[in-house]
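Two complexes come next, and they have one chain in common, chain A, joined by chain B in the first and chain C in the second.
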Partner chain A sequence: MKLKSALLGAVCVFAFAPAAFAERGADGELKLTFPQAVSIMTPYLSGGTKDIYAASMVLEPLAGLDPQGVLVPKLAAEIPTLENGGISADLTTITWKLQPGLLWSDGTPVTADDAVFTAAYCMDPAGGCAQATKYEGVASVEAVDATTIKVTFTGPKPNPYTAFVGALAPILQKAQFANCLGAAAPTCTDANNMPIGTGPFMVTGFTVNDTVSLTANPNYRDPAKPAFATAVIKGGGDAEGSARAVMETGEFDYAWNTQIPPDSQTAMTAAGKGQFVVAFGTLVERVEMNTTNPSPDLPEGERSTAKHPHPILSDIKVRTALSKAIDRSILVEVGYGAGGKPTCNVIPGPDAWASDNTGCLTQDMPGAMALLDEAGWKDSDGDGIRDKDGKKLSILYQTTVNPIRQDFQALIKDWWTELGVEVELKAIDPGVFFGGDPGSPDTFQKFYADVEMYANNSDNPDPETYLGQYQCKNAPTPENGWQGENINRFCDPAYDALHAELTKTTDIAARQEIAKKLNDMVTKDSMTVIPLVHRGTLSAHSLTLGGVAINAWDSELWNVADWFRVK
Partner chain B sequence: MLTFTLRRLLVAIPTLLFISLVIFLLVDLAPGSPLSDIPLTVPPDVRQRMIEALGADQPVFVRYVLWLRQFFWVEPAYLLDGWFGTNLANGEQRILSWQARSPVFTIIGERIPQTLIVIGTAYLVGVLIALPIGIYSAYRQYSAFDQFGTLFAMIGFSVPTFFSGTLFIIIFAVWLGWFPTKYDTQLEVTDWASFVEQLRQMALPVMTLGLANAAVISRYMRSSMLDNMTQDYVRTARAKGMTERTVVLKHVLRNSMIPVVTVIALGIPSIFGGAIITENLFGVNGIGAALIGAIHASDLPMVQTLAFIFAVLIVTFNLIADILYGLLDPRIRYD
Partner chain C sequence: MTDATPQATVKPEKPAGSGRAIWQQFRSHKGAVFGLAVLTFLVLAVLIGPYLWQPEKLSVAQAMKVRNQPPSWQFPLGTDQLGRDMLVRMMQAGKVSLAVGFVAMIIAITVGTLIGVLAGYFRRLDGPLMRMTDMFLALPLIPLLLVMVMLFRDRIASVMGPELGAFTLIVFAIGITSWMQAARIVRGEVLALKEREYVLAARSIGVAPRRIILRHILPNVVSPVMVAATLGVAEAIITESVLSFLGLGFPPDFPTWGRLLFDGLQYMQLYPERVIWPGLAISLTVLSVNYIGDGLRDALDPRIRGR
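Take a look at the complex of A and B:
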């Protein structure tokens, strides 16, 4: 937290100093490098962060989020609220007003029709829009006049800032995408790769999975920005190479996603050419407990279903003991360095939404052992492994193939073995683990293991949707083709009721209280989820690049218009 | 010879069709989903619609037949349209990459130049270094030079490119600052300065790959030379009073080149195939990087098309090597 505040402070000093004498295009070329190359320049057909960030330099939403998670207007003149009448009293409509005189980079005016079109584009079921959730619950979008957009929801929507908000839901130009509705969406290669936007830059060249060339948008609304005349995003390689190109050789100004081991972070910073910046969003590396029995002895179709409760992990004492045995600060030190911090929450931020749950931060081996003794798991045959009623305390612990995760597995296995728990480790290719193929036994949804580890996050500072995943109805089962986010098969009617209340509550403080309670219900109260590390995104920028304000709630390049060359 | 060539070409057709089917099934049966890179925050129903929009939910044989048609009819039609301004393709659906939603052949077209330039140069450099080393090592067997050549070949053989490449980056880019670590694919050579820039950015990847190539070829050259050095005709040539130069470079070298030329020819398809590790390391972003990227993203149309093109190249260059063999060695006749 201190680091973040210090960085933000430094950024603010830089950001305001040169504003008085800035001039568009005065600072030459801005060079960015992404370890994963950009495949497409529209977030609507890609879910990959690389594409979304690159597109955010060109395409803009009505409003974005700043590093504190607070809404800031982009194309909108102001943020609609209940107070200023932008949101109707019954919470079913939100009315946005465009800034006057906005132009697309091709010189044509931006109108409310473009927004109406964008919503229709993403809401067309045949288009395979990746950001469809942003437009969920939207009944209609209409252009009241040329600069007024009215979004009507199917019911009261306490958080109406989804459609047209953030880097995931920018406005497309109707004229360019008019023929790309529905099934034609993927075939519009030129529009998808070189969209016309309102952002500080426009695309001049695009080679798939390699390089995006951009130049300052002559029609950008602030005549003094951007300070750079051109920009280039070079993709490919790995995190280490990207970090090196900024921190050691100085070939690039900014590298996104430079998640490298802590010792390399220190060594590269010592070269004195750049610095790492980290943004903490809601990404949490966690161990998830299976509440159902994954035993291969059960017939297919009954494995890992609510029919058979887990023989070992159904006991909260065992789950708590497993959590107590973990030293989270060692995990952070080994795996993430400045890019992570220990946490006990599924919702670790923004601060106002995070529970004050810190009970898990100190490792408590004796406490964990006492809990297992209490639960009746004792080492009766002296082989170092606890047992009860002739059954060994043995668990299968799976995750994806990833060097940090394998380090974590090894460390956690050591601690659990010390407790007297037999641990078998398994690492699965991430493409299979997250692939969701119902035919594969190794998906994280099927969860044919006792515990599994991965990271998940909320894509909105308001965690309503994210917390909704632990409702009973979202459990993956053979009947629903193993789809659903509640992979623990956690099922607590009290949780579902409280979540239903959250969807109806409008007062922001009350929402935060409920969110904290829901967070506690899945973590410290039931130990269904054992959070380990609150992960930030680590990026690197050259010391000659000013104005960077890394942002976890929107695109990292959200304020690229304000970036400048430090002279 | 002509009959042989024609027969081989005809046999190649069913072979390639069979290869394409095997590749398609292998790639299709491999685990993974084109949506595995999509964040977990995207709900299952949205994922399902994205899969449908890609056409990835169609049965495997429907997709295979569609791919065959696109590869052998639609894509050549677009190519001819591009050359002659005709309209054979009639706006039909091309092979689209699932990851980028762009035509696969456009992506390949964008990537071929840097692969050919960088990997091709590395191959050429490798051959040019390997031949003299191989020849002289064999001529002065067990000399200090031969020992050095063997050491060089051992290093080239045994050090993987991800290691030697990183080592070169640290020495030449980080410490000495001579060369850039990331290849700029957009650089256009228009004048002397940009040509020098192109040479600088090619230096590290060419060095890395050239070392590996040279090691392999120099060993072939050396052993082939050694085989011939002890032959009777060499003794005869010497007995006739020919100079050492003529004996080694005319008589021995010519005969020794026969197997080496085959090895070099068979290595050419790998130039088109790119170098997965080296391309990734230096951001060359050629065909190799495209292949590994597509495999990671389970981009089946891209993987399938690339793998099939490699198959075509390998079959072709095998044929070329066989024909060259016949031309170089009059004793070999296929008829």
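Take a look at the complex of A and C:
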């Protein structure tokens, strides 16, 4: 008996040992490196991911998203839902409850007034708030009591988790930012660079575009966290250098955004000091088909408009054949390695929103050739290029200047040439291509080419806005100054109707079903968009750093409080 | 022209003699001979090489198995990240790069010398022509090239096809924006030369300005023009790679040395040969052309020749 209890006691000691060691500040310094240096510590005045991630160590929202895209409470006691009464039945209000006893890092209590102030700060039209979309449709924010925040929307909002949710919309301390409203916002250098927050760390030193020094927040709500006493974010360099600093030299514990070629990934992993982790969001590299005629023979103003359907690509058989000829796994192998995976979807994640469309994953060259034969494109003059009614099957394929994209162009050209399609390649400076200048013929909106390749993603795990871009009315035209996101000029009344239904549906499962159908309508049903690769953000962390849970839906540092040193 | 021909027939031995003297002087410059040999080798390699080295065309699936190969008997310079034979790509790229370099240089030198001589010789033309040169010098070249390429690329491509169109446009664009140095150098030389006694003598016996320029002035400005020309070749090759880098040069499936270098950059650590080959080719071309220029200057200058 004595022996047994003694053994039990020993077991207990060992079982609790890790918990006992998990003490605030026990693990020394956490070193992070970002290829782009941090310029400001508040996401409200910066669109840069680097700034948003750095700020997320200090400033916290009411709720964040976990790696699966599911809401998790941060400062809030729980997530308000229709069931628990946090969201009103008419979907016009959402009521958040703060956790009890929250303190700012300076020791003062966090109250609902801080949230009210934050909303006013970002919604001030003179302030130039970078995250204003997060507060779009908000009519008012009021403090019901010291710990209750009620957000009222101007109309029913099926997805009310925008304001105060995620790393883009954290709560600011009213006392610190009170004089920084409106036009004064950018002038409050001290507050912007060293904000007082509720997060696991607080800023102790800030060198613009260089280094941020942080130390554990003594008033953090979990007394055992963070495990690190101090943290430092060093900025600058390039992806390759950052990756090397973690994977080969071990100077840093974590490097964000280390997109390097697959061969270098393998070589660096072999050094055995760290590992790459990938956050798969919704970024999809795709080939877009032009459904309208981009021919330079047409008068300016009619090129690439709905007035003239595309002479070759209007036939779905041709579009399908072009997609079938591509081997997506080779593209991933060549371009992204661990940082990508083949996909057939425009909405590749979160999992609950992604269609099970996998039809394009295997290359089918004979099938593609049969489709072209069926469509009437045959090589009648024996020059290796298919033709029909005296017209050659020739397409212009454009993209931006980028080594990976040029490799993709070369490979896809090879496959399409094998198919009997003549392909002319064009690479455009990304600044021009994405610049949106209506005077330039080379923008992706103008689409003066037959097919073009680039990547696009949804800012929100809920793809309502993102899918909305394929509505007829969003096609870029000379009338709207070539602005609009419906790059393909895809136009299907059934799609528009289904999307309208999505904006009215509140049930999450039903929304997901509709989103999948919409995704299929632009991809496998019409082959208007040919998705190629689901791209992730590649980051690297040292093998001595534990607790990393890479997240594509929120800051990658969303759980930095839980990180620890592996001993 | 009509005047020059009879004279050549009257004294046939003189040009031949001076030609031999030039060649002898040139041969005594070791660097120049070496440069000439290297350049000849490079030119022959890109012109004749593709006929001698014709590996079978691999399908994408086959090429994927031979990615990133080191040099071997099958692939003398190795393969790139898509399994393409680097030797074939180097030869294709060299043809374009060398052609761009030399044609653009010839355009620049012709325009530069013409304007320089006119400005230097005819006082009335000096002001307007030199102000035009100043204007071109003041223009920021890269933006100008970008605008030119942007405006005319599609139009030229629709007439001449994408590849020849791009070549014509790039060569023309580079040539037309790099003649100014040559013009200034030539003008300066001509201003000094036209006050020399032999030019005065020629003028006093009523020789036409055209003959004076061709017979007495041009041969004396050859040496600075040669130096400018050799530098021009190097500059044209580099400007072309800048344009390719910005996506405004040749279509992406049309390799040039500059583009191969740019593509190889991200693989530098793992496969350094990927940047060494094109880098070496560019450096060798530029160096050898410079040495040839050096040798030619010595050989063509009557004051140095024969010493």
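Convention: the second predicted complex is superposed on the first by the 534 of 567 C-alpha atoms of A that agree within 3 Å, B and C clash if a C-alpha of one lies under 4 Å from a C-alpha of the other, contacts with A are read in each partner's own complex, and residues count from 1 in each chain.
In this text, contacts are C-beta pairs under 8 Å (C-beta built on N, C-alpha and C of every residue); 3 or more make two chains touch, one makes a residue touch a chain.
Predicted model, so just to flag it, every value in this text is computed and none were measured.
Trainee: Pick one for A:N456: touches chain B only (first), chain C only (second), both, or neither.
Mentor: First partner only.
Trainee: Tell me which of chain B and chain C touches more residues of chain A.
Mentor: B
Trainee: Scan A:S440 for contacts with chain B and chain C and give back first, second, both or neither.
Mentor: A:S440: touches chain B and chain C.
Trainee: Applying the document's definition of touch, where does A:V70 land relative to chain B and chain C: first, second, both, or neither?
Mentor: A:V70 contacts neither chain B nor chain C.
Trainee: Per the contact definition in the header, classify A:L411: touching chain B only (first), chain C only (second), both, or neither.
Mentor: second
Trainee: Please work out whether A:A139 is in contact with chain B alone, chain C alone, both, or neither, and reply first, second, both or neither.
Mentor: In the superposition, A:A139 touches no partner, neither chain B nor chain C.
Trainee: First (chain B), second (chain C), both or neither: which does A:A175 touch?
Mentor: So A:A175 meets neither chain B nor chain C here.
Trainee: Counting only touches as set out at the top, which of chain B and chain C does A:A184 meet: first, second, both, neither?
Mentor: In the superposed model, A:A184 contacts neither chain B nor chain C.
Trainee: After the superposition on A, what does A:D429 contact: first (chain B), second (chain C), both or neither?
Mentor: both
Trainee: Could you list which residues of chain A make contact with chain B in one structure and with chain C in the other?
Mentor: 429, 432, 440, 442
Trainee: Write out the stretch or stretches of chain B touching chain A in their complex.
Mentor: 31-33, 35-54, 93, 96-97, 99-103, 106-107, 110-111, 169, 173-174, 177, 180-182, 184-186, 279-283, 285, 289-290, 293, 296-298
Trainee: Under the stated contact criterion, what part of chain A meets chain C in this complex?
Mentor: Spelled out, the residues of chain A in touch with chain C are 240, 260-261, 263-264, 267, 296, 327, 330, 333-334, 400-401, 403, 406-407, 409-411, 413-415, 418, 424-429, 432, 440-442.
Trainee: Where on chain A is chain B touching in the complex?
Mentor: 33, 37, 39-40, 45, 47-49, 125-130, 132-133, 183, 185-187, 189, 192-193, 205, 207-211, 213, 232, 234-238, 241, 244-245, 248-249, 251-252, 271, 429-437, 440, 442, 456-459, 465-466, 483-485
Trainee: Would you pull the chain C residues touching chain A in the complex into a rising list?
Mentor: Within the complex, chain C contacts chain A at residues 59-61, 64, 67-68, 81-82, 84, 150, 154, 158, 162, 245-248, 251-253, 262-263, 266-267, 269-271.
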